[in-house]
Each structure stands twice: as C-alpha cells, then as structure tokens.
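The structure is given below, and queries will be raised subsequently.
For clarity, chains are labelled A, B and C in written order, and residue numbers in each chain start from 1.
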Amino acid sequence: MSAGGGRQVAFVPGATYGGPIEDRTTGAPLVELRGVHKAFGDNVVLRDIDLSIATGEAIVIAGPSGSGKSTMLRCINGLEEVNSGSVLFEGAPVDPGSKAIRLMRADIGMVFQQFNLFPHKSVLDNIVLAPVKVKGIEPDVARARARELLETVGIPEKADASPADLSGGQQQRVAIARALAMDPKLMLFVEPTSALDPEMIREVLDVMRELARGGMTMAVVTHEMGFAREVCDRIVFIDEGVIVEQGPPDEFFKAAKSPRAREFVDKIIHH
Amino acid sequence: MSALFDVLTEHLDEFGGGLWVTLRLVMGAFVIAIVVGTVVAALRIAPSVWLRRLGGIYVESFRNIPLLVLLTMAYAGLRRAGVPIGQWTAGIGALGLYTAAYVAEVLRSGVFAVSKGQIEASLSLGFSYAQTLRRIVLPQAFRTVIPPLGSITIAMIKNSAIIGVSLIALNDILKSARIVQAETFKTEEAFLWAAVGYLLITVTATIAFRFLERRYVISR
Amino acid sequence: MQKLRWRWLTALVLATGMVAVTACGDDDDKSSGSSTTAPARTFEAGTTMKKLQDAGTITIGVKFEVPPFGQKNPASGKVEGFDVDLGQAIADELGVKAKFVEALSDNRIPFLKDGTTDVILSTMTITAERDQEIDFSDPYFVAEGRILTKKSDDSIKGIDDLAGKKVCTALGSTYEATLKKQAPKATVRPVDGYSDCLELIQNGSVDAEATDDVILTGQIIQDDSLQLVGDKLTTEPYGAGIKEGDTEFLAFVNEVFATFKSDGRWAKSYEKWVGQYTGEDRDPPEMSLKEALDLST
C-alpha cells in the first residue's frame, strides 16, 4: 500500500489520550520550567526560561534556527542537564543523574529529527523492546499493542520489515508508534519532519494531528507553521534562548506583539 | 604431479597433526582474543579516566611488541621467572592476548560508529545506561565490526605460524612442513602443502565471517 | 624462509634483542680475513672455480650460533670458528673474498640447491640420504653424538634413560632419526637451532639435548651447570656440502682440505676453537668419504 497522506487515522477511543477535544487543558501543569539556564561552554542556549505545559495541551515551539528550541525539549526529559533553574515533571524535579529519571522518561515519549530507529531490530521489535524490557509488559500483549499502533500510523504491513527498508516518512511513523507504545503522558517532537522529503512530511503531520485531537499532551519543535496554526493550542516563540512571546496561534499569526515575532511571522507568510 | 601427492600421502601424519595443532591454537586464541578484546574495549570506553588509560596501556603494549618477542617472553621469560608455563598455554595465551588488542580497537571504533541518536533514543524510552550499552550499542557495534573482525581473524591464523618457529616450537602446520622438508629435502612440495593447510583454515574462517556478515550486518 | 633468530638474554634487554633479530636476519658480513697475497691460481673457463674468481666472492653457509664451529661474535659482528677457518682457506686458495651467510640445519641443503651459497660448512654430518641431494667433501672433522643434561638432574645417565623425557635437537639434524631409533619413547622437540636448545634446557622446558659433542662442549663453556652424559650415540663425520655433480669443484675443495690438514693449519685451528677448552688433543681425520657414508647406512 502507498504511504500517501489523506487517510483517516483513528485512535482507540477513550484510552490514554486524555479527555474530549474541547476543554482538554485542565488541571495542574504536567511540565514546568522555572528560571532554566543552559549553556554549552560559553555559548548560552537558554536564558531564564519559565514555561508550563498543562495536561492535554499541545504546544508548538517556534523560532529561528539555533534559538534553543530543541535544547529546551531535551531538558524536559533530562537528555540535557540544566545549569540552573529547575524542570519539573508531574511536580517532581527532572534530574538526569537520579534514579527517578528512568521512570519519568518512560512516561515521556520523544521523537527525533533523525528517527533513531534501532537498525538491528525489526519494526515490531523496535516498538516492543521498551514496553517489555522497561515496563515489564508481557511480550504477547506488547506485540498485539504494537500491531495496533502500526495500524494507527498506517503501516501495519511493515511489522516484520527492517527499518532500513522503510522510507523516511515510514520510519518516522514507526518512531512515533515506538514512543506511543510506552503509553506516555507527554510526547516531545524535535523537528520531526525536518529530515523528510516534502512528499513525506504530510503523512507524519497527519499522525501528529490525530494524536493532538486525541488529547495527547505534546510539545513540538517545528518549522511547519501550517501545522502550528491548525493543530496547537499555544505557540511559544523563542529567540536567542529567551521566550519572546507566547499565545494562541491565531493571535500569534495575526497580531504578534513583539517586533521579532512579527518579523518571524512576516518571513513565513512571504515565503 | 604424483611426487607432489606422494609427499602428502607419505607424511599424512605430520601434515594432519600440524593442521590439528594449528586449528587448536587458533581456536583457543580466538576465544581469548574475543573475550579479552571485549573487556579491553569496555575499559577503553569506560566513564573513568583511569579505566580508559588502563585499556589504552593494554592496547599499546600488545600492539607495539612484535609477536615473536611476546611469544618468547610468554614462554622462556616466564619459565626463567619460575612460572612453569606450558607450550600450549604460552602459545595460545600470547597469540590470543596479542590479537585481543586489535579486537579491542575494532570494537571500540564499532561502538563509536553507533550514533549518539541511538543512545538518546534508548535513554528516552526509559532504558538505563547499562541496558543501552547491552541492548542497543554493543549489538550494533558487533554487527558493524564483523568484516574487520574477519580480517583480524585471518591475520591471527597466519600469525600463528610464528609459534612453531619460536622457542615454543609446537609442531603446527609450518613446523610440520619443515620437518617433512628436512627429512625428504622436498622443499617446494612440503611448503606447498603447508600453504594448502593454512588456506583450508583461512578460507573456512572467511566463509564463516561472510555468513555472519550476510546474516547480521545492518545497513544504515 | 624465516631467518629471524632471537636469542633470549633477559627480558630487560628487549631492545638489544630486537637489534639482534635484525642483525642476524640479513647478514652482509664482509670477509672475515683478507685474501692471501700469493698470486691466485688460474682455472679453466667454465669451472666453478673460474666463475667464483670472476665474481670475486665465494658465499659460504655456516652456523652463526654454534660456538666452536661457526659463531657470530657479538662484539665484532664477525663470524668465526673452525668451519669459518676452513671456508676462508677455500676463499684464499681461489684468491676471492669469503662471504659468510647463516645456514641453519633445515635450510642449508635448499640454500645449496638454489645457489644461495656456493659451499656449506655448517657442522653437517655426512649421510647417504643427504648425499642423494648434494655432494660431500672428504670428512674434515669427526664428531660424536652425545647427550647433554643439567648437572642437577641425575635421572639421565644415558640414552636408555631418555624414555618419557623431553629431548631437544635441531630441526633437520641427524639426531631426529637417531633419537627415533635409539630412544623411541622420548619426546623430541626439534627447534631452529642449538641456541634454542640451550635456552630450553636452561629454562626447564626439556630434560636433555642430543647433538654433536663439539657443539655441546661449546654450550658447557657458556654454562657450566650442564654436563655430557652417557656413551657416544653416533659418529658424525662432518663434510663440506657442494652442489650435486660439480666434480671439479669437489676435487678442488678436497685438495684445499688435504693441504689444510697436512700443513698444520688444521691443528692450529682445532687448538684455537676446541682443544684449548677441552684439553683434548686430536689429529686430523683420516676417514674417507666412503667410510663416512657407510656409517650412516
């Protein structure tokens, strides 16, 4: 079957993806960044970042290249250690050196620009590995769930294929399925379509859109402003390591307050 | 032609014995090389500077001393020092430890060939560092190093011929051929059969590694 | 073939050892003596003698590690010994330079056959088997086969005690066959050269060494914790090896040897290399080639 876009992606209703589409931003923040500072040597990447993400919320982090967007997501699951300030997940500090970090990471799915599928495992084994080895789920149960997820992302027939035999778009959809297999409370997308050929971008965005509609809490770093405008609840605009502005997408695109954000929006609209 | 085969049939015991001795030497040395090589590779990528340094010292000393010197030290040297080491232990040990240095370097490069993204993907799924090393990094490292490991093994098989020449003087393929040659003066024939003996082993090893390669090497 | 010879001194002199490997590996030794001033004899065109004179050099294969006969002097780098004196006598008679190269027990006959060396003088026992491959000169020295052990080891008193013992000898020497015949229950370790045997007996890898008495005497001079035991195993007449069928050259070499024996040079050389250490007088051998060959059959 072709991997074209436009197909309907149906998620299992009522399950792990949160409440109804309307009014899904409820309760205490799932993620909170307080005064986060991050530098690589002399290069300061994040300055005094305060940000919270509510359960059920889908945010897009936008900004020029090298503005610290990806680093911010990597601090949320502890792939980077912050220099000062704190990152909280479900109210608990995210500390890369702690033992609790593994449990937190098991609850936070991450999708990378380069897919990072395990090349020595089949597609199905890529999805099954962590649920079985990290969460201790029965292999049969995990496999059944993995097949469901492959169905959801539209490539059930690729279960036994090797990642190398898949197109980029297919690999990224497997990567999303792999993250979802852990039943995460939060999904982080780090430029998920930047490494894809244009014709494959849509199939990945379709999956992400359905995921957001299903109520998944997600933070997405992307340059796909069409996706941002259509899908997310809030846009967070970062430049030079500082959150310059944030708000609902309509407001952001129509009437950004700061000159830098307006400049950014103008560039996108005119290109 | 018949003279050629006569040398073989009349000295089948010597040649067969030599083949068996060389086989045992290289199989023993291979096991040591893989086991010790893996341990040293692990030291070379360990988080501690001192462990890395220890692994580095191992690799540099064993790679930079000629095998013949190692063999002599392992046998005559240890015996002079009062260690009653046998021919087999000294021969297999020295060849294995020497080859391990090369195995360690190849494995280390294999580990570095595994992208950082693989490690991050694994950690982000909740795997520990140890699990990541064992389930994600090492299996991939081993797969990428199958071809160079094959070359090292072939080199090791050929290097084993020095054992018979050294003081250890086990009657391996080359030594057996030299015994036959000394007895019959049929130099060309004796060494030709020695070459055939080594080819038997190296070609078998090559086929085995090709099989592993086809089976396990991953395309990226 | 490998010519790497490495002699274990101590682990501490590794570096020195490595130099020795290279040094022994390819030896370009200049003639160890100068040519005689006497005008060179002239030979018929086509003879080996004439060819050697035209070339100006004769290449002689000798042992480099068998002290009384052929040894590379570690200090001077020159090869010296009884065999070397004989080789020099041949070179002098031709009026050419002598070039000495190392010939091990197992490569000396191939060296002769492939032309690497013109003559072999490397403590080589005359045997009928070898006579099939090359030609021998008349015997120039008669050695005896003996057994060497550590003085501290009193379990070996003769050939019969070698059963179950490890015995070292040189690969390609006559002693492989001798031991197989006279001590079939001994484990024979054939090694590259007698210096290897010396190491192996010193470090306890083998219990005994079997070879010519003069070679063993050389080792006792180096290490007086060793001793000769038992009666003589064999008689080992040494002959020079020459390429098969070169009768003119063979006759020439025999003539040089005959003069060497009769004009007192043999006795002088013997005293210098052997006699002064053993305190034993010997006359030049009068054994004929035929008698020598008969011994081995």
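Going forward, contacts are C-beta pairs under 8 Å (C-beta built on N, C-alpha and C of every residue); 3 or more make two chains touch, one makes a residue touch a chain.
Note that the structure is predicted; figures quoted are calculated from it, not measured.
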Can you tell me, using the touch rule above, whether these chains form a line, ring, star, complete graph or other shape? line
If chain centres are mean C-alpha positions, then the most distant from subunit A is chain C
Give the identifier of the chain nearest to the protein's overall CA centre, each chain being represented by its own CA mean. B
Centre-of-Cα separation between subunit C and subunit B, whole angstrom: 38
As a quick test, compute the distance in whole Å between the mean CA positions of subunit A and subunit C. 83
Inter-chain centre distance, subunit A versus subunit B - centres from mean C-alpha coordinates, in Å: 47
So, in the complex, the side of subunit C touching subunit B is made of residues 2, 4, 6, 8, 10-11, 14, 17-18, 21, 105-106, 109-110, 113, 130, 132-133, 171-172, 176, 189-192, 196, 199-200, 202-205
Using the touch rule from the top, collect the residues of subunit B that touch subunit A in their complex. 115, 117-118, 120-128, 131, 135-136, 139-140, 143, 216, 218-220
List of subunit B residues in touch with subunit C within their complex: 66, 68-69, 72-73, 75-77, 79-80, 84, 87, 165, 167, 169, 175, 178-179, 181-183, 185, 187
Subunit A to subunit B touching residues, read off their complex: 77, 79, 102-103, 105-106, 108-110, 112, 114, 116-120, 129-130, 133-135, 162, 164, 175, 178-179, 182
